[in-house]
Amino acid sequence: MFFASDNSGTVHPQVMQAMAEANTGYHHGYGNDPHTTAARAALRDLFEAPEAEVFLMPGGTASNALALATIVQPYQAVYCSGLAHIHVDECGAPEFYSGGAKLVPVCKDDKITPAALSDALSFWNTGDVHQFDRGALSLTNTTERGNVYTLDEIRALAKQAHDNGLLVHLDGARFANACAHLGCTPAEMTWKAGVDVAVFGGTKNGCMAVEAVIFFDPARAQGLPFRRMRSGHLLSKHRYLAAQMNGYLRDGLWLTLAQSANDRCARLVAGLRAEGIEILTQTPANLIYFQAPRRIHDALQAEGAMYYDMRAAHAGPDDMVRGRLVCDWNLTDADIDCFLQKLKAAL
Amino acid sequence: MFFASDNSGTVHPQVMQAMAEANTGYHHGYGNDPHTTAARAALRDLFEAPEAEVFLMPGGTASNALALATIVQPYQAVYCSGLAHIHVDECGAPEFYSGGAKLVPVCKDDKITPAALSDALSFWNTGDVHQFDRGALSLTNTTERGNVYTLDEIRALAKQAHDNGLLVHLDGARFANACAHLGCTPAEMTWKAGVDVAVFGGTKNGCMAVEAVIFFDPARAQGLPFRRMRSGHLLSKHRYLAAQMNGYLRDGLWLTLAQSANDRCARLVAGLRAEGIEILTQTPANLIYFQAPRRIHDALQAEGAMYYDMRAAHAGPDDMVRGRLVCDWNLTDADIDCFLQKLKAAL
Amino acid sequence: MFFASDNSGTVHPQVMQAMAEANTGYHHGYGNDPHTTAARAALRDLFEAPEAEVFLMPGGTASNALALATIVQPYQAVYCSGLAHIHVDECGAPEFYSGGAKLVPVCKDDKITPAALSDALSFWNTGDVHQFDRGALSLTNTTERGNVYTLDEIRALAKQAHDNGLLVHLDGARFANACAHLGCTPAEMTWKAGVDVAVFGGTKNGCMAVEAVIFFDPARAQGLPFRRMRSGHLLSKHRYLAAQMNGYLRDGLWLTLAQSANDRCARLVAGLRAEGIEILTQTPANLIYFQAPRRIHDALQAEGAMYYDMRAAHAGPDDMVRGRLVCDWNLTDADIDCFLQKLKAAL
Amino acid sequence: MFFASDNSGTVHPQVMQAMAEANTGYHHGYGNDPHTTAARAALRDLFEAPEAEVFLMPGGTASNALALATIVQPYQAVYCSGLAHIHVDECGAPEFYSGGAKLVPVCKDDKITPAALSDALSFWNTGDVHQFDRGALSLTNTTERGNVYTLDEIRALAKQAHDNGLLVHLDGARFANACAHLGCTPAEMTWKAGVDVAVFGGTKNGCMAVEAVIFFDPARAQGLPFRRMRSGHLLSKHRYLAAQMNGYLRDGLWLTLAQSANDRCARLVAGLRAEGIEILTQTPANLIYFQAPRRIHDALQAEGAMYYDMRAAHAGPDDMVRGRLVCDWNLTDADIDCFLQKLKAAL
């Protein structure tokens, strides 16, 4: 009953196996090896982007921050949701990597609307040097609240961004979960909708530590190889990053695992609703927010359910407390049912 | 016959096994897991430093740069060898992480002498704000040329550094190879000799991607946790970093592998000398420089020997060209002998 | 009729005179001259702070940014008003100087309240490395909207800041105007109320280009001399910065000029109210916001009144449009009356 | 008898007068005033560069650092003399402004030779991400040792730089002194010889605090306006920077003053040589190095001569000690003769 985060589970056996298979013989470091060549080619195929520049890195924070630092100047602004991971959960990674660019929170919610973006653009950028110059729009799909932008929404925001001189970055820590929900291809969710650079996450969906940064226009990637090196994200034994990605892509594992996580989450949502529990977010992917009296949280957690709640602000046993549940690819229907049973007992 | 670098070989089975064993169940991310607790404790034991602050990261570039950025200010200087990896091979990682600190090359050779340090200190730091303030001395042991500082040498330089207001950083990409050569303990090569912060390398010596940064005075580590997070080097599935380190430390594997690499290198040196090849460096560890006519290099490499040489500057077949040979922990006596045989044939 | 900004008028003759008087003989550069010694002593006297560290710089943006960079780490947050100049009008100076610290807008208004600060602190800082560490609270007095924090308000916020591990910075671009309104001493408005570092502005109040940064605890100023040098704000012919400050402090000129600007502003406010014009801000100092139909703005500006308005968003002649009026120390009652007469004619 | 630096004298009356004349009426801040428009036009005329982008700033350190940060990336190298002011006397300004670019000292002397540049380029840049990418060549004319690059030398180095993918920056703290010596136009010493961005110094040659940064290709200046703002070097009462420059350019004052300083220096050199004193540098401009026994320095300084020497390393009265003499525009023949008389007495 572990719902705290999708970074807390194991590595899928197919990914472990790919790493073990790569563990033979000598290869040059820093990505000059056949595993890396294969992984980059596979990603270009998956994204239907034969010209794309593709980079592998061991984590999402650096992948997003390096992507942004490559497309924005230190004196430019990155427009994002007020809940964007890059804004509130990475201790300033984009600011550090970019040399002091500004993250402008466009809205308090997780999903940016055209109206909110329009307001933010008119407040922040007057064309005067006193304000930050325009840099990029950053979207997260699946969002930090578990919602999913539709292709139409991405298209509209990307067009608005481009019309206003912004490039478009996609934080794809849960890229696969959004893809699975939308039933679209990676290309459709990215460059076909106007995304300029995307992070295709592996770590939260069955890998150990690998993400791909994909620049659809290779000219936009200029400087990233040097920035990756000097920040220490060009791993020397690079083949093991590549092996993870190769294992993750083989036979569509990336999508299978995301679908599995989404399905468990749907089962969880149905069960919660059946008990009259209020769900606070849309529930298309593998992550939801709900609320329940504090005593219910107490009871669930006493029974071993692991997840984050906002109990700190609530003293009374009947106070409504928000909780977050994240479904990992590895959960089973039985895991979900066990949690729901404990809930039923607690109510 | 792969002598290009010790980052090009495989991961030792014991390390792979430790990762596989850790691949079960759910654990909180970001180092809040029992594998990490165990690894940190084991490192404190190994270094006989129960108070030390210990951090794991996936690479040496970031480990060194983060360690330095934590102990020096942006307006301070880091004194290092003119051949130091941090100065010439990391595309400015220390400058980036520190916010623009200066690397001052103390000497053209790999080993810093007290006289050279003294000269550099008097040239660069006059106590005036026009020059960089004094920050740190950085030593590499094993050095980038394959030499090893003795304990006496480290002690003398560290004392000189401290007397001049510098903290002492040790780049230990090949820490174990130096330890094996000196026959000393990790504590003796670090805090007992005056080192303030050390990087204990794993990647080049049988691990996949893990280094430990160890601050012997925990107060010196202030800020590093935030800096590691914002630079993306706090991996979310942290247990797999820890598992590598646990496998690496178990039963003294770290030292066994380094001794093996050193032994192969000694065999190689003896063989080269027997053929009259000039060795350009001291040869205490697993890395040497030698020189031979260009046609010899041509012949060896045609036979499949992989290593770096400085042939670019030399056109004639009899021009003396320098080459670098690095012995990996995984090489066998047969590998060495095969190389020597090819050499004999080429001469 | 120039109300666009208090940075647009002339330099007071007494300040010009002081510069001319300093223009004789040779003096060492970079602040090692008797004019600088005198200015620093005079500032320490004015602030009743014999131990304070005092620095002169040619502008407010750098003064604030260097002060902040000295007291916060790159991974820390600066809490400020959502309208703070450092947040919205300096193109990221604090981010640049600090190496990527985060400006957290505490509120949408210009004056921070304890409740808003409390909310921001609980949202942003959970003690976890994913969020920025706590750094500083930045107040502006006179605020960017022309309001003034009372001594009680400063004391309460400073105490709250200190209780939460924040240092307190005061942006004093219009320091003198606030002092004149409060009828307090500089000491009372700063260290006696809990301010750790203050910028005492000269440029907007009769000087040419000089501000003083004052650290009341000299230990907090560590590193600033180097940071000032490397950012180019340690002017070589430093005596002319000092001369300005000496002229500005002589016979209380700084306060006389601020009182004059405040008095003109009060006359302006009274005149506007007499005509039924709505004033949108409190009006204690030399800066107000008002609103009037667009056609009134059109008429005033056609008559030569210079000031900023938000007309861009308003098309109709009767649309209410906000305007900002700033009174310079050099305006006369006749200037104000002339403006009011034009207004009367336009209405 | 003040020879310590040319930043230690007074401001020329014509420059003071221009500031006084500008001290009337209201003007918009930040360069939107007629004085600035006039100064920029005058500089474009002087440099015969009608398309050039021209910026005024209050000091040389920031002018050079901002110019470099605009033309190099954080992961690029700036090749300069080992004695370059930007390398050894600005506490890391270029590193700070650029976000960690590397200054590569090409030679130990003040003047870069093509051979030395060639060596440095081949050592540092292998095309691999481990090394810094190529960024810029920085020349100083007049050099830090008082020497002057000829037009042929500049042309040859600029061509070599461009052929190797470097842009060319000219630090012109003593631009006018070099121009006076060479008898060339500013255009000949800059863009006609291949310089991409030049700093035209005023502060050391009769101004109070002003330098001009001139990008001959305006497209190269992209981003500088934002960088200048966020670093605090866009002064709000900008008219006074412009007024200085206008006074400095009027009737060729800039060249007259430089010629005067050079002439005094020539008289000084002749006098020293007549007494058998060894001059250590070429002596084309206003700055020389000489050596004499320590007791001579003692005697001169006891008589009131102010200049820097390297006495710290020399104990004995007959030890040869190097000294630096800088001639200010304001020195008279009598000042020089007075110094020479004291010298004669001391010998």
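Odds and ends about this structure:
Labels for the chains are A, B, C and D, by order of writing; each one numbers its residues from 1.
Please note the rule applied: a contact is a pair of C-beta atoms (placed from the backbone, for glycine too) under 8 Å apart; a residue touches a chain by one contact, two chains touch by 3 or more.
What you see is a predicted model; the values in this text were computed from it and never measured.
The chain with its Cα centre farthest from the Cα centre of chain D is A.
Listed candidates were B-C, A-B or B-D; the one reproducing the A-D interface, defined as more than half of contact pairs identical by residue number, is B-C.
Where chain A touches chain B, the two copies mostly use the same residue numbers: shared numbers make up over half of all numbers in play. By count of C-beta pairs in contact, C-D exceeds the other of the chain pairs C-D and A-C.
With centres defined as mean CA coordinates, chain C is found 50 Å away from chain B. Chain centres here are Cα means. That of chain C falls 34 Å from that of chain D. Distance between chain A and chain C, defined via averaged C-alpha coordinates, is recorded as 41 Å.
For chain D, residues that reach two or more other chains under the stated contact definition are 74-75, 90-92, 95-96, 99-100, 129-130, 132, 226, 229-230, 234. Chain D contributes residues 2, 4-5, 7-11, 16, 19-20, 23-29, 57-63, 65, 90-93, 95-97, 203-204, 208-209, 226, 229-237, 240, 306, 328 to its touches with chain C in the complex. The touching residues of chain D, when paired with chain B in their complex, are 74-75, 88-92, 95-96, 98-102, 122, 124, 129-132, 313. Across the interface of their complex, chain D is touched by residues 30, 73-75, 99-100, 129-130, 132-133, 223, 225-230, 234 of chain A.
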